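So that you can tell them apart, the chains are marked A, B, C and D in the order they are listed, and the count of residues begins at 1 in each.
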Amino acid sequence: MATFDIVISGGTVATASDTFVCDIGIRDGVVVALGLDLAQDAKQVLDATGKYVLPGGIDSHVHISQPSGDGIVMADDFESGTRSALFGGNTTIMPFCLQERGKSIRQSLIEYHALANGTCYTDVSFHLIICEPTPEVLGQDLPALFNDGYTSFKVFMTYENLRLTDPELLQTFDVARDLGATVMVHCENEDAIKFLIGKHEAANDLRPGAHARTRPVAVEREATHRAMAFAEVVGTPIVIVHVSNGQAIDEIAAARRRGVAVTAETCPQYLVLTAEDLEGMDWEGAKFVCSPPPRGTEDQAACWRGLQDGTFELFSSDHCPFVYDSVEGKLNPKGAKQFKHIPNGIPGVETRLPILFSEGVMKGRIDINRFVALTATNHAKTYGLYPRKGTIAVGSDADIVIWDPKVTAPIRHANLHDGADYSPYEGLEITGWPVTVVLRGKVMVQDRALQGTKGDGTYLGR
Amino acid sequence: MATFDIVISGGTVATASDTFVCDIGIRDGVVVALGLDLAQDAKQVLDATGKYVLPGGIDSHVHISQPSGDGIVMADDFESGTRSALFGGNTTIMPFCLQERGKSIRQSLIEYHALANGTCYTDVSFHLIICEPTPEVLGQDLPALFNDGYTSFKVFMTYENLRLTDPELLQTFDVARDLGATVMVHCENEDAIKFLIGKHEAANDLRPGAHARTRPVAVEREATHRAMAFAEVVGTPIVIVHVSNGQAIDEIAAARRRGVAVTAETCPQYLVLTAEDLEGMDWEGAKFVCSPPPRGTEDQAACWRGLQDGTFELFSSDHCPFVYDSVEGKLNPKGAKQFKHIPNGIPGVETRLPILFSEGVMKGRIDINRFVALTATNHAKTYGLYPRKGTIAVGSDADIVIWDPKVTAPIRHANLHDGADYSPYEGLEITGWPVTVVLRGKVMVQDRALQGTKGDGTYLGR
Amino acid sequence: MATFDIVISGGTVATASDTFVCDIGIRDGVVVALGLDLAQDAKQVLDATGKYVLPGGIDSHVHISQPSGDGIVMADDFESGTRSALFGGNTTIMPFCLQERGKSIRQSLIEYHALANGTCYTDVSFHLIICEPTPEVLGQDLPALFNDGYTSFKVFMTYENLRLTDPELLQTFDVARDLGATVMVHCENEDAIKFLIGKHEAANDLRPGAHARTRPVAVEREATHRAMAFAEVVGTPIVIVHVSNGQAIDEIAAARRRGVAVTAETCPQYLVLTAEDLEGMDWEGAKFVCSPPPRGTEDQAACWRGLQDGTFELFSSDHCPFVYDSVEGKLNPKGAKQFKHIPNGIPGVETRLPILFSEGVMKGRIDINRFVALTATNHAKTYGLYPRKGTIAVGSDADIVIWDPKVTAPIRHANLHDGADYSPYEGLEITGWPVTVVLRGKVMVQDRALQGTKGDGTYLGR
Amino acid sequence: MATFDIVISGGTVATASDTFVCDIGIRDGVVVALGLDLAQDAKQVLDATGKYVLPGGIDSHVHISQPSGDGIVMADDFESGTRSALFGGNTTIMPFCLQERGKSIRQSLIEYHALANGTCYTDVSFHLIICEPTPEVLGQDLPALFNDGYTSFKVFMTYENLRLTDPELLQTFDVARDLGATVMVHCENEDAIKFLIGKHEAANDLRPGAHARTRPVAVEREATHRAMAFAEVVGTPIVIVHVSNGQAIDEIAAARRRGVAVTAETCPQYLVLTAEDLEGMDWEGAKFVCSPPPRGTEDQAACWRGLQDGTFELFSSDHCPFVYDSVEGKLNPKGAKQFKHIPNGIPGVETRLPILFSEGVMKGRIDINRFVALTATNHAKTYGLYPRKGTIAVGSDADIVIWDPKVTAPIRHANLHDGADYSPYEGLEITGWPVTVVLRGKVMVQDRALQGTKGDGTYLGR
């Protein structure tokens, strides 16, 4: 009689600290055994010999179906976004529920759940974007939502319609401290950016490259310093998301030496893109517009060192896809002919893991355990999904990805599964791709072919 | 026939770089000769043998007759304030003309000039405090005022009624860059302070010591970082006034390494007072309430190192006097029984130079040339009074102070000349006091006795 | 039929990254299964319900039976040393084989193996101390020894008879790079120490406290910088052992930012002792003489931050025991009445893990996974024992310790098992002690009582 | 009757802190008056209208007639060296008296004085290079020589025949502290350099460019750190000479923050040359071989910042000239065909001031006062020549240079006056050249033509 629903046999299993060869026994969607010769007791066996067996990726920074102002719709809904994530080796993503001005967060959540419900290929859990922290929101809504399992909030220091003022940041941090909630902070100084946009407009410098020049390192470093100073004053931990450069990294290291509890995240765009990419011909630069913008090669090197030395504990995609070409009546917001109208964001949920695997693990910059920590375990620990998610251990969900380190292929958008019409990483040669993905014991992708069904993904309360 | 109106003979003359023994020949209020044996050609001779002969002190950070909210009046008008400055070895002070909301700066200047006119014992030149930088102020008033010789502006990042918002800071910096004006910045984060005041009020912690605890190093460091980031973004030099601690000093040094043009100032209160002083019995702590507050002994040491290694180029008093005891119907604002109602500021225009001379020069921490640079020359250079003021050189105004390094006496408010009723430095033993003060060739104080007349001081356009 | 020799059931298992509750199946000395309900298939069951189940501690920095000059013998031989280690929750220790001048390392190894053979209670693996790196040693002996599994070398920058010169350091690093060997470096500047010893002797300052004052932070920081500069020049990774202070930590962090591959270690003495302890009455200070010496409380805090933020990857004891009282004809080297004759070293192999568990995990400074990483996993990875040692995973040796976090008792030397006659940590209250220790599947200690036999420990080639 | 021997009239006089227009009255070789309309009382008038009038340059780091091993003689003796210095705007140079092994320093001094006596065009004062600090040298010779006015010692951490060991450095620093002497330190780690030379030789990489690659930043940074650590341990101030890069600058700044008294010097080669220059075709790279070697453009920028922010107080030439082409039977050591045989050193005593004036003052990087401080005043203060030398003040020697900021001409070795046969700065366009040089009241160069005589320069005891 079969003891296991599935056994993954013979692979090289890696956790955030360990690497070992064994079989993994799965029953009822959960890992129930790590051992030898388990295949004989299995209904189904996935042979992973010669391959890596890793926890499913968790992408804790993903934008899906989020309105971006001016009526622009993101290129991914939950179906396409989670399908793309799944093919990229992820089993959980954490998109945002955006508070809309004049609407209760609760109501927004109902709408987001409605969009996600029954359409997902991965598990999903929401962060709440707080952009209107009224006394009612802070005093009643957030505590109630926290109790309902919405335990992480994101705040912005940039974007006219999203940014919090300094008093709002302090009050939101204060509530988070009292609740024990996690606060993610997008650190760029909106006022300094606006000042620089004005200067560029006055000089009629309107091309995509101006996006990077109006958001220089100084405005990110300043906001990073300020956010951490507020965390210090309030006495609460924060997450600095999508750090792009060495100066901000130095600020984070210095704050830690002062005893401030800061977790830091970086993204693929800061490892393999540069500000030069925004200067591309014929408005192609628009394809690389995101905030903070990619920087130079020295900042890329600083980000790699931050991944190596532990300054960064999170590696996310900040997936935020928009369509570049106007096809079949679709909007083409990325085609805007003035830098400040180009929506900020690039697709990347499917390419995040392959880029880090290929550029990091295969090129010897980080080991496979650090890869697992950066892409799965630390996300689960930071946002309260651990130990259910983020590792391969007895009792954890059987969210498992089999990676073949011998498969080499360039990134081609034609082969990706998102709703955008380009990849900023087009042509980047990748060694090591995920081939099989198991979600709570169900084989969703096998040998790079879809097996799962829309709706197999579920919502994760925390 | 006498060639010189006055000759100061035989003293040890010090400039910001040199020390030499010679006679100084003065004619028509100006130094016309440095040489030997000049006394024979003099109408009047001041024998300075065995004494230091230094440029008159310039105190570029002094508050006089400034309203401080709640109807509180400062304890010094121009007469008492400049008399006190004079006895403290100063020949020029730079008070502030405060823009009042709803009133033109031009009108305020008329009023301040009216107050100062005919009443001063030292020369005077105004900085403008900008608290309402409307488009009209920025686009018309400041350029016109700059052309009229009002070339330095001060802005606040704290105090509800004075603080500029971030966009206002950026715009004011931008105008200053275009004009070539100098901007002084008071760096403390008002919103974080308010947050902490709220916490302390909620805890019913209302004593003077709470003033220091609600303005911790983090709020000063944050605002310092932010102001310098704005200077970096705009591309204009700024002056960070009254720096109190090592963390802010480290930020300033780091900004300079990034190429930001920052001048920094510290004050006596950060060398010889500590936050402990605010915890004094019976609300005596109110006597030490100023912003930023004094810190600990390690921060004192950091400030000394900053004076030694060149991080600080300016040493000012931030004289801002209030009455502590209610005498003869006077208001006694310092006696307020809730920390947030105690006006921020302490007297010090008369004790600034003796404290630095005694604690710095006589204790071997700095040499006499650095003393001159920190107390006179650098102020003149920073604010456009050089070479008329700030040094002893042919062609410069004969603003000269004779110091006797052998006079030892404690600071006693009874011996001072300001309008307050206490000194925060009461009892501090001082070795080295100014004994004779010459203003533009006129002996104003001789052997510590007043010779000059109210109105001998004049206004200095720049 | 029993599938497992032993099952450890129901405990909270922790690795360097994960924490989970499951049974551990052991067969033939190796972990063969992690799963649920394994006890039914076991010959022997150890119930760990409510307790932590951790990988056996690896102490990679232990001195045993090493001559220390002047005929002084260490207080521990392999029997007492490994027994003490075992009771302290260790299953592997890494002592040193000391090259003796004029004797081949090979010959020294024969002698050390003879001492260890058949007497150990834990597994053992030797580092080689290189103090005479002749061309023959570098060119022939070390490559041959490396091939035989002696893959880690230790070098000293202090101690007259042990220190290498700068050319010797460079050459040894160079050989290590070519071999892929690991080099541990004791960083203190011998010449500066000798200079200071001379000054103290001239001042007749000979008490134990002078030990700390003649080895100030500057001499450790200097040597740390120099060793890392050599590693940078040669291009080889090194391990900086027993780092004691914040300045050295800052140097290490800075070197990493420059891309130097440095692993850093600290020890219990730098967390809970201070230089003040050496100033004790009646020469009791001698009990705390080790090198580098303990520092002040700020440096303790810096070491804790280094353990938290990842600067330190190794936490070792630097166990180096000597007898303090002359009892039964034993030598009492610690009783020397001149600081420079007091042998450098203190016992600690049995107290290392309890101190970090109690002060670190139980006081919330680090989590249980970081504890495992610092005390077991990282040692195995750094020195080539992984994955056989250092974790609980399928295929790894069943070296497992059951910790009871509810046992509270002070450290008393009377309860320890080493060969010294005192503990520098006497009286320190500890919450959380190891109660059961399994070595390669054999229960060596059960409920704090010895079950194993001398000789159960074996030598580990690498 | 003429009161003044010479009056320099109408020029813009600059000291290290002040700039003013006045006449300078000189009598008996000394400045006796600064005033207006002094020309009428003068025997001779030098009209400086429209020109700068500056203190004569002091070059405190110059090698003259010094043997450099292998029988190589420097290209300058005291006659040519001081003539070249004079034309470059200098009135004092400080060459080295090199202790030779097996010979008393006293004897060496007799020989150097004999070489200098009657041959100099500028004043001269010797530093002593200590390379054999025997107990007799430290205990008897140096104290006696110090009393005779030889108050500055130089020590080397590199060069086989010159370098001191660490104990020798400590002992020499200790003697200097007791005496109050100044110690200059050449900071490069000889052993690491030798190690790298061995590697390059093994790789048959023998061209001039290998000189820079075998002396990387790490070996200079390491030695800088070590020298300052010794200064910290001993408690004595030191001068770090010829600092070449940003990492060493950072070390110096950090040491100062720790309270170490360090003075730092940089040189023209680190501002306008790079390591690329050593890679020149046909062994032309040999013309740029000096130690430390020039670095990259980022390090040039760091050196400029160090000059601006006060990290550097001294700007010297490190003039050390050798002949490149074999002409008329002369040796041509710079033509050596293996990098390690190329003598370390380049000419520069005549171009130091024009380079800093043109690249620094005229390009707005530093002001004229900082120029004076860096090139004259600080040298005099550091090495005990102040106030006799280094400034223009009543009582100081009349060592004065008139600079014409309107003269523009490239550096051409054909126009220089040293004994080498090339300039490493050939072709560099210079705006601002010295036109007239006065030495103790004697016009040595007038309108760029020699007026003075060999032997006009004298020796300066201190």
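Structure notes:
We take it that a contact is a pair of C-beta atoms (placed from the backbone, for glycine too) under 8 Å apart; a residue touches a chain by one contact, two chains touch by 3 or more.
Because the structure is a prediction, the values reported are computed rather than measured.
Taking the mean Cα position of each chain as its centre, A sits at the greatest distance from chain D.
Inter-chain spacing, taken between the CA centroids of chain A and chain C, is 40 Å. Taking each chain's centre as the mean of its C-alpha atoms, chain C lies 52 Å from chain D. Contacts with at least two other chains are made by no residue of chain D.
Pairs of chains meeting the touch criterion are A-B, A-C, B-D, C-D. Residues 165-167, 170-171, 174, 189, 191-192, 194-196, 216, 218-219, 221-222, 225-226, 229-230, 232-234 of chain A touch chain B in their complex.
Against chain B, in their complex, chain D makes its touches with residues 15-22, 25, 32-36, 253, 256-257, 259, 305, 309-310, 369, 373, 377, 387, 391, 393-396.
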